[in-house]
Structures are given as C-alpha cells and as structure tokens.
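First the structure, which I've put down as structure tokens, then a few questions once you've had a look.
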Amino acid sequence: MPYVNIRIAGTLSREQKARIAEEITDTLERIALKPRSYTYIAFDELPDENWAIAGKLLDED
Amino acid sequence: MPYVNIRIAGTLSREQKARIAEEITDTLERIALKPRSYTYIAFDELPDENWAIAGKLLDED
Amino acid sequence: MPYVNIRIAGTLSREQKARIAEEITDTLERIALKPRSYTYIAFDELPDENWAIAGKLLDED
Amino acid sequence: MPYVNIRIAGTLSREQKARIAEEITDTLERIALKPRSYTYIAFDELPDENWAIAGKLLDED
Amino acid sequence: MPYVNIRIAGTLSREQKARIAEEITDTLERIALKPRSYTYIAFDELPDENWAIAGKLLDED
Amino acid sequence: MPYVNIRIAGTLSREQKARIAEEITDTLERIALKPRSYTYIAFDELPDENWAIAGKLLDED
C-alpha cells in the first residue's frame, strides 16, 4: 500500500497517466512517508454514458 | 459526495442507465438530503466471464 | 450481482439506510430487471476529514 | 456478501478466472464460513498503461 | 498488483484474515503466476446495518 | 468526477490528508484539465491487520 484508484469519465493520454502517476506517488512519499515502490495506482476510464452527475449521464445534451 | 458505484455483469442500455441514475439521485436527495448536483454515479459493466457467483463464472453452462 | 457501493461523508441513520436500500433494489429490479435477491448494497460512511471536494477536506471551515 | 474484487494489470484466461473464483469461494467457505452461494467475485483486468507501481506505468520500458 | 478487496458484513478474527490472505495469495501465485510480494489484499468489515441483500439490511429481523 | 480513492494501512493526520488532497486535486487540474470543484477524494484508513502483502498481514512480526 497505498493503493490509489483514479476514476474518470472519458480518457487520458498515456502521457497524462504517466505524469499523474509520478506526481501522486511523489505526493504520497513526501507527505505520507510511503516508499515509492509500495504505491499502486490504478486508472479507470469510463465511457461518458457510464457516469452521471446530478442525475444526468455525462453524454446528455 | 455521495459517490455511488453500480457494478453488474452484462450490459445496460443507455436508456436504462439514464433512468437508474435519475432514480438513485432522487432517492439520495429525498432520503439522505444530498443535493442533486453532489451525487456522482459510476456504472461498471463487466463481461459475464469476469463475474462469479457460488464459485462459478456467470458464462458457465 | 448487481453490487452497489454507496459512499458518503458523514452518517446515515439506520432508517435512512433501510429506505435507500429498498428503493435502489426496487429501481434495479424495475429498470435493469435484476431479481431482488441478487442485489447487494454496501454503505461506506466516511468521516468528514476523510473526504475532499475541490482540494479541501469537508471538515474545513 | 462476501464481495471480492480482484484487480490486475493484463489479462487472465477464462480458465484462470474460473479456477481462481472456485478456490477463493472455497477459501471463504472453509475459513470464514460463508455459504458458497453468497460469494460474489468480480475481476477487473486493466491495461498495463492504466496501472502504476513506484510512479511508473507498467508498460514503461 | 494484483489488488484484492474482500468486503464482508460482520467481522473476521485476525486468524481468519491471516489464513484467507495466505490462501488467496497462494491461489494467485499458482494460477495467475503473480509473484507473492506483488499481491495486496485489503479487508473491509462492514456493520450488518451497512449491508443490504434483496432490499433488506442484514441486521433486520 | 474525477473520483479518487486513497487506501492505506494505518492512519494519516488531518494535516497530511489536507495536504495530499490539495496536491492531488492540483495534479488533476494541471495535467488532466479537471476543474478543481469536480474532484472528489476519499481516504480509507485500514487497520494493519486488515491489509496483507505477500500473504502476510501487516501487523505480523
């Protein structure tokens, strides 16, 4: 541990995921004192029609 | 918040997801007094071979 | 399945959880055609200091 | 319940998932005394570029 | 990875958790060929009133 | 969205959680272009006996 799960609607580029993973791992090392090698980060990219805010799917007009 | 994650095996139509999201958001507003705009709902639709009940994958004969 | 996970900051009364579970199970039966006995619902009630929106913990002034 | 979520990077064959589901259901029956029919197991197979360890995506050289 | 999340209503003894963790780690090593040191297992023990099956909380008469 | 779930064994101070939430929200704003107000972060702090690595609970000698 830590295990971090990042869930978004839509997609991220590989480059975005690489930079986010690097920054979050760094944040947890500096602030929570977790060794870098312990941090797992899993990204879930969901279709817009699988995410709702305020009762409306995100692909709605 | 709230964050609601609905996980099923198989798929739902867009219309089913829209109606489920609307009803659950309404439920949480009426009963838990959560403002509609705060409620996130994420649907995960898994292949039948990725879900097991009673030790058997759901696509098993 | 379905498995539904409802995560909120703060607490719900037992009565609120009972009514929410009943309504969501009903929603999934009517709209997604899932038999009532298959639906699992798990509630996670997190302390306000364990939930952040917009970069601020919810217990912040 | 129990609800078990197994998340990996990469894929498993159908046969691997079937055997893992059978063994874990058996483990929970023997040790936790949970009836087999109650145990749900959901597998999530993520692309290597969606999983990071030690700040590096798994598809990195 | 793998990351395994086991969610139950009620509690498990420390001994039960130790034996379950050992067996599941072994299962993933033998069948999915995942090195033992990579497997994280997290147990969530929920109060009976936070889990519903078939629309009823588990602490209901 | 995004919804970020950070799961650790042990505890974090309120100050650590506040700083981690701020940094991760900032990371997702800069790199993934997600408006700050959309980002939810939920922390789960598990007892050491509820987390296993390599088949051993973390509270084991």
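Just so it is clear, A, B, C, D, E and F label the chains in written order, and each chain counts residues from 1 on its own.
Note that in this section contacts are C-beta pairs under 8 Å (C-beta built on N, C-alpha and C of every residue); 3 or more make two chains touch, one makes a residue touch a chain.
In UniProt terms, the chains line up like this: A, B, C, D, E, F = 4-oxalocrotonate tautomerase.
Nothing here was measured: the structure is a model prediction, and the numbers come from that model.
In terms of the stated touch criterion, the partners common to subunit B (4-oxalocrotonate tautomerase) and subunit E (4-oxalocrotonate tautomerase) are A, C, D, F, listed by label.
Looking across A-E, D-E or A-D, the pair that copies the A-F interface, with over half of its contact pairs the same by residue number, is D-E.
Taking CA atoms, the transformation carrying subunit D (4-oxalocrotonate tautomerase) onto subunit E (4-oxalocrotonate tautomerase) includes a rotation by 180°, reported to the nearest 5.
Separating the CA-averaged centres of subunit B (4-oxalocrotonate tautomerase) and subunit F (4-oxalocrotonate tautomerase) is a span of 23 Å.
Centroid to centroid, with C-alpha atoms defining each point, subunit D (4-oxalocrotonate tautomerase) and subunit F (4-oxalocrotonate tautomerase) lie 21 Å apart. Touching two or more other chains at once are residues 1, 3, 7, 9, 40, 42, 44, 51, 53 of subunit F (4-oxalocrotonate tautomerase).
Here the chains touching each other pair up as A-B, A-D, A-E, A-F, B-C, B-D, B-F, C-D, C-E, C-F, D-E, E-F. Subunit C (4-oxalocrotonate tautomerase) meets subunit D (4-oxalocrotonate tautomerase) in the complex at residues 1, 3, 40, 42. Taken in their complex, subunit F (4-oxalocrotonate tautomerase) has these residues touching subunit C (4-oxalocrotonate tautomerase): 14, 17-18, 21-22, 25-26, 36-45. Only residues 1-9, 12, 16, 19-20, 23-24, 27-28, 31-32, 34, 51, 53 of subunit C (4-oxalocrotonate tautomerase) touch subunit B (4-oxalocrotonate tautomerase) when the two sit together in their complex. Contact residues on subunit D (4-oxalocrotonate tautomerase) toward subunit A (4-oxalocrotonate tautomerase) in their complex (touch as defined above): 7, 44, 46, 49-57, 59-60.
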